[in-house]
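Heads up, there are several structures right after this.
Two complexes, one shared chain (subunit A), two partners (subunit B, subunit C).
Up next is the complex of A and B:
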């Protein structure tokens, strides 16, 4: 059958048509699909409600009738007597191979289930929700955490991170000579290469654009096993060093050897193969295009490497390894282990080298220098592992809860099937056969749930992709593939065993004679009551754990929204416009450019203040260095580590950062370029606790290799810069002119819609210098939003799963109590006949339910206490064992449980004692 | 089993489908819109009735269908045996409705 047009729903319909036997499908399938598609199109025009209504009916239709048709076919194959024997004894007990008998059992199960559509739909939807959630989350876990990285022998790749343990620095870059020493001395490494990135203007061909350049040592890409698709890769000579003080694009420098990313090649050069060998202008200096990297190639490094993303072009770094100073740290070392070497062995070797290096350098030895080896893949995913593990745990819980519900449904249903089972047993069906038959029924239910689950997951993954916070590596590759389907099947099989085993064992172990004599009551034995109650207690416990997780996320999100970041994001526009070094060779040139641009911007109507500052908070760039009191000259351990920011006058005013004492920079500070700084409240508090910081001097190391004195002219409030979730490092603000006018990020405070100003800003920039690209135009609010992304993501999903769990648990509670009420109708009748008040009956049933949920809550609290520590890194401003959350969620649970109990209890009070007794 | 088929009384839905064919419907979707039954019900009935020779069917010309940009349809006509079965069932139904007082004589 040709795949018809008409979108996803038609595709699903065509898929569901497979419920019909093949000959039927061949005869009518195409026409039915066409009719469905036309109907769907018509319904869609009458609005979404009508459409959904149509879909829900039309999609169920082939399932119900198709299966009925198949049964009809199966019946026709047998004689009437045979069919009766079959329905009584179960299929294929006498003849047929193993396989045939399994299929027969499955058909019988299908028939039984279709006879109870209400039960079947509830069970399949419940299991489908559980399996769907598992499938969706597993597909993410698989792609992000489990799939091998797309490089040669990815398990051999390691990251080397510098540490300064006495200053709490864990991801320090390395200097070229340090990298060289590790490369030469660590013989467990086949390769050790370095990478860093920067932004640079690409001019010459069309409009100037700012590109993200990945600068690598020449062997870097070959170490990953990635070759260009066009031209050649880097060779050693491409990295021949420039001047010792090489700056990108400096006049007279050797050309930068460039490999284009596939995307840049397509967008800027129209996939023209003749770009190879062409000379381009990079930051005002020459660059030579050597080749083009493969489509989709990306460098997957942990966020702590602070690389720009995506990398638009690769440049072979021209580094003089012998003459670079050891305190000029910028390289991120990535290495490849020799065959058979482990990261643990390498760590031991690296530790010895680090000790030797630290002995040569006072700063290293006092700062607690070390080099940490991490396997690339686990390092890459370390930030997101917690959220994914928590989510995976959540969906496993949801599936378990779903299983508990279905298990209880089966237990209740089994009591209605006593006679059927008894007849089968009486006619010689062994206990094993009965168990098998019931387990196959569970299997059929689980399989149907799996089919529904895959459909739900396909939709769920789209939602996940829309919600994802952008910090999940390789998330764009998530989808349903064979391994995911295999997982789904496994989950379905496990689910079938979990929800099927207890009812199967229970139902097959009964007193034959009792069952044949009585109706309904036989299953009320002590054992099965214990089972049902146990299942409910477990269910309540699991959902409570999930809901506590959700509650903790809610509290975190509230805390996050309450955070005072130290600036005013609303109305704040940020962008990048950096003066290229070639055109602006001196610091004064670059600062003059920034003064000029700020003045032009501030003349625009709607602009209140404009100020350059680098790095901007939350934008992903980090730059840090030492600071300390005079004591640090003799005792270097007194040094701490602070974020360094390089700013122009107007920066604090544009950011909306409050000045707590003293003053901020002015243009006059530019003129005398005195060594004056602004510090944040954390630095002030750590150096001069309880005193005024203004006029005090302290040590930094920013422009010279040795510690230098600077004087405090102002104290500002602390800006949260690395993430919104934590304070982060204390900060020292330098006047841009003092440090050389690097960087080119801007903060513009506006009184109007900030984005409406972009065309005018672009025009002002072009009027000042047409070769400077305007890049990274973003609202500060979007950085704030992005920083909240991971918390929001975890909150939304854990919250959704928590609510789903709560709903399932209350349905389960409701179902079991309804059953109890039905079982105890006569008892209630007797009680009422003897004068029990209706309120007493209400209390009896609600008490029963609350007892169950109380036990479940107690158990849940016990499980939650150790488990929530998994979420530690996801939480903001709240402890994993936050008592308010634990208490609050428990109270909510009691209320929901009371509600779930009330309805059946109310029904119990309406029992007519006379009728109840007569029934007895 | 051929004998039992003639004697089998039609189900209510089968009656509706045959009646709509007798009224001039030819395609499944026409039957669906006239009877209000779903495709999943109509098509199996058509097939069953065809197997019992109450209905005959043939495919419309594929070129005509493709000219209209849709798959070719199968059109159905009620056979003489179908007319007989329908007549009997209709009388039976009317008699029952009368007996139940749903139709006044």
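Up next is the complex of A and C:
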């Protein structure tokens, strides 16, 4: 379904146009939509009241006029049709057939439902909420999990992840020679290409900007089946190597061959086709623009690949596959399977190659090296599958609960309709016909619920996107399309069967004579009572399960808010300002730039401390290497893996990270490039448990190919860097001169509103070097907030569905008890006549309700215990079987149930015994 | 659909149809402009929504009182379709105006509209 421009109201209008007959719609529909949108835009300008007034009229208009047009068409058709029929059959023959009687039943159902608007509205809204929730979540599941990736034969694409099993490393990149070996030896692969990304300054044609560059082996984009829309794609020669010691961001003698992303082409070059062939300056070196990639093209790799997002331009990596060292790992290998090959077969082949590679290399053989093959699509969605499965389960529960409510409504209503049904039966309506009639009524209800549900879902999807579930790949593409509508219809059909079958069978199975004899007194047969009670117990059980899920998410969110990340996010500004290698060729040059900028920043009023550090926590960059005690020289298995961070003096103070022992870096450390490091408490604890770490030496490998000795000068608290939800890897902090001074992220501690300082920071940077772009300006708080996104997303949705379920279940409980009270009025009257106290009656009814909910809660706990384990990966600091949550939610449920029972029970105590008995 | 040659066969027009013919007497217009013109003449006394407008437009097109024409050169929005009055349409509009005029005249003669 194409979505005409102009927003949600226009979309609804286009949907409502379906009221018109098709030929009319085809002739004028598009134009009418346009006229509607123009009118809406004009009305919107004259204020919200005017706009709403316009919408209310304009959205009703297609319903009214559309149906009028249909009626007019039908009149025309009938006069034409009658003429034909008469000529064929003669005037007196009665028309009729299977189809006609179905339509007749549907019309009858519609009339019956419209006669009882209260019931109909409640039922349609209940079903609509259930179907709406299902439609919205299914549209997400479909886009994120089910739709094929937008590449050629996407099922053939695989990721290859390095593992170092002895060090707990699961997503290690590969070195160029390793990639080459797999490419040459794994003949189950058609292609094996590599990608990595970095940030680089684009200068020389306008303001300097920092861009995210995706560096790929020349065949990478062609392997995906993506062609540039302008210019040419990469060829083998574009990757002719430059320099054997390739460092990201370093300019070489040969120009970088560049393909622009569509967005960068539009924004920076105004969609000018003549950019093809132009030379630009990239990080101070030359770059040649070869072409432009298609609009919307993005590289969808799992977050563990740590690629920058979005990629602004693509560069053909100039890699010397034969002479690159095997410990220079930076490539993410992506491959394409040969026709008919499976990832399992490839894994076996890759395992053999990995064993051979490990035999050549001491690090690989001792670290437990292996290469893991993953299918790209399942790998891409593996992190989010749990939340989507949990949400989908939640909405299925909501729909079932909604069905239970409507089913009970129908059961209650059916008992009031005995006489009508009996009359129909007496007049020759067969049992089958009655069942059909009831089911058609359910179908009409479900269909109306589906229409409402689609509207709710369309609005719900917007809310969902506003929650920014950042880690759901392709979430921007979520919408209501044909497959989603088909799912909605299916859900409606299933719902109709679920809530319609029991009442239909029930209603058709009574004793005709009894029903006709009874004076409207509802039957309270054992069977129907059991059914109603069973339905309500099931409903309570399901909503308890949902609410326990919601409770677990609440606890997780509370835990997450209590996490001490190892830095103070409030008042902390971060940005990127990296000295380009061309203008600052040596490590000392680059460090001097950083010292200069830090001094300038610290003179600004409001700035307390400024320090460069790379990578910053939660910013998405990861960099790690090994570390170990002296023993590791002879026994490399003693090496562990740690995050490496490269920092300048002032970094810890700016971050607000506490120093636990010793000291942090000073300018003196930076001046003589001493081999001193700061470690976090996890490293200190693992190397020297229970002792002071200060002054001790240990092994790392950061600047030379061989292990090197460094000395600990300080211990700091651990920073949570990968996500807020878990501790993550231990960290070693090097000072910038020691490691070569690359990276250029900054942490600035401020005493004022951090964002108010941005213009002054920009001015100071420009005064130092106008060619260095200020990029990625963000509050540390926003990284923290982003890291909470998935938990908040799951919490909001599961919480909303849980509350909806609780509400529906309470309404259901209330409805059933009201019915019970009405049915037992005479019994209550008798009891009261014999002297039962009102409090006794209250107890009787509330007790009945609590018995039902108690059974439901017990059943719910039994279901929840095994089921909440699907949420395991969503939870932070709380077990899926957390007893506090289970108990707390059960108590809440009992209280709500008691309330839902109290109102009808109170009504029971007001029964006038005399009146009740007289009625009998 | 073949158009009858005698305009009186098509009378009386619905009020909306007559308003559309009036608005197209002034100049050729697209749908939204017709809507605006009709609403302006009604001076806030009523709103014409797309449904009523296009049902009337469809009848007028079918009976040949108006026809579609190419948009003017300065029109940039290609979704807009322009309509103009046919000769028959003009004759029908005149006939309808006369019919109404004679009715209003009769009402005035009977003193329904007060002294003028």
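A few points about this structure:
Keep in mind that, in the parts below, the second predicted complex is superposed on the first by the 814 of 920 C-alpha atoms of A that agree within 3 Å, B and C clash if a C-alpha of one lies under 4 Å from a C-alpha of the other, contacts with A are read in each partner's own complex, and residues count from 1 in each chain.
Heads up, the rule we're going with is that a contact is a pair of C-beta atoms (placed from the backbone, for glycine too) under 8 Å apart; a residue touches a chain by one contact, two chains touch by 3 or more.
This is a predicted model, so every value here is computed, not measured.
In the superposed model, A:165 lies in contact with neither subunit B nor subunit C.
Of the two partner chains placed by superposition, subunit B and subunit C are both touched by A:36. Contact with both subunit B and subunit C is seen for A:24 once the two complexes are overlaid on the shared chain.
Of the two partner chains placed by superposition, subunit B and subunit C are both touched by A:58. Of the two partner chains placed by the overlay, subunit B and subunit C both lie in contact with A:69. On subunit A, the surface touched by subunit B in one complex and the surface touched by subunit C in the other have residues 24, 27-28, 30-32, 34-36, 38, 57-58, 61-62, 64-66, 68-69 in common. Across the interface of their complex, subunit A is touched by residues 27-29, 32, 38-41, 43-44, 46-47, 70-74 of subunit B.
Residues 2, 4, 20, 24, 27-28, 30-36, 38, 57-58, 61-62, 64-66, 68-69, 72 of subunit A are the ones touching subunit B in the complex.
Residues of subunit A touching subunit C in their complex: 24, 27-28, 30-32, 34-36, 38-39, 54, 57-58, 61-62, 64-66, 68-69. Residues of subunit C touching subunit A in their complex: 31-32, 35, 47, 49-55, 57-58, 79-81.
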